[in-house]
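Report on the following structure.
The chains carry the letters A, B and C, assigned in the order they are written, with residues numbered from 1 in each.
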Amino acid sequence: MICKVRSSAQTELIDITAKIRDTVKSADIGQGICMLYVPHTTAAITINESADPSVKDDILMILNKIIPWKAGYRHLEGNSPAHIKSVLVGASELVAVENNRLVLGTWQGIFFCEFDGPRNRKVHVNFI
Amino acid sequence: MICKVRSSAQTELIDITAKIRDTVKSADIGQGICMLYVPHTTAAITINESADPSVKDDILMILNKIIPWKAGYRHLEGNSPAHIKSVLVGASELVAVENNRLVLGTWQGIFFCEFDGPRNRKVHVNFI
Amino acid sequence: MICKVRSSAQTELIDITAKIRDTVKSADIGQGICMLYVPHTTAAITINESADPSVKDDILMILNKIIPWKAGYRHLEGNSPAHIKSVLVGASELVAVENNRLVLGTWQGIFFCEFDGPRNRKVHVNFI
């Protein structure tokens, strides 16, 4: 199954927990593992705190500091920082499913990480 | 299944290889994949060298350097560095299982990464 | 199944997409998930842009900057930077398989990440 995501900034963490929850419910697999996969090279997926939105800002702030926009990159398209962030955060996440519900920790939410937006993006949802 | 972990410092890598080995043995699945999942947003799980304990110190030293304790963070709880480390190291790991044994490389061990301790923590162990 | 990789530099990203494609085809599993696992503690695996080879150079340039060769490391073997890079990039990746083909995004390729070469290395390929 595919979840569509629309980003609205160059770098942005988008909480897609509700969207993935709905997809899992509609898939009706009962119990198993949900694999979330981003088919992009300048985006990523992560699981972290969803209660306070300022955590997202702090994550992006440090990523933008560690991987600066200008650093003598060789890739001429100008979006090397986005590729590097994508490598460090990663293209996939796994979450267990029980009774058609994601088994997330109390504070955990699922975030689509846009590093070269705004764009129309996709998350592949597979079940194991 | 759930493995309990007790951390004793603010940042700490705890070798849980023996604990996970025992869990895998007791699950008696024979062959498959073991999924290790941390349901926390200020901790993580990683696989790396377990022979020399000083490798753990070096990993933490660089993480603490890259993600400083003070950096004008917006999240008021004060533990943004822990959230960011958690995003970079990741909430899950996969290891193959054969004959009820983890298929790890010669030097590989499994580490629970505490980034906001000391605390009582959990690792979810699922089998595929 | 095991894919052998020979690295030729100290740090190097090696495109192993074709090799993994062939392994998947020969495994003839039809549909499922392919798990790629590096049994080493100074190497990693990642999925990112394979079209322009300069992206690899930019990824390595930033990793070498973030994790310097000299930083007062305690591990006496001298390859702590390689261990730390391995933790940040990660030991495994998952890719869906349909009709015996890897389901990769348009620009995605699979890279073996050598951080302490040159060496003979392995990638374990498991199917779920």
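Definition applied: contacts are C-beta pairs under 8 Å (C-beta built on N, C-alpha and C of every residue); 3 or more make two chains touch, one makes a residue touch a chain.
As the structure is a computational prediction, the values presented were derived from the model and not from experiment.
Peer 1: Between copies chain A and chain B, are the contact residues mostly the same numbers or mostly different, with half as the line?
Peer 2: Since fewer than half of the residue numbers are used by both chains, the interface counts as different.
Peer 1: Just send me the rotation angle from a CA overlay of chain B on chain C, rounded to the nearest 5 degrees.
Peer 2: Rotation angle between the two copies comes out at 120 degrees.
Peer 1: What is the distance, in whole Å, between the centres of chain A and chain B, each centre taken as the mean of its C-alpha atoms?
Peer 2: Taking the average C-alpha coordinate of chain A and of chain B, the gap between them is 20 Å.
Peer 1: By residue number and range, which residues of chain B touch two or more other chains?
Peer 2: Residue numbers touching two or more other chains: 66, 88, 90, 94, 128.
Peer 1: Using the touch definition up top, name the residues of chain B that touch chain C in the complex.
Peer 2: Answer in residue numbers: 33, 46-49, 52, 54-55, 57-59, 61-63, 65-66, 88-90, 93-96, 103-108, 128.
Peer 1: Quick one: in the complex, what on chain A touches chain C?
Peer 2: 35, 37-41, 66-67, 71-77, 80, 83-84, 86-88, 90-92, 94, 124, 126, 128
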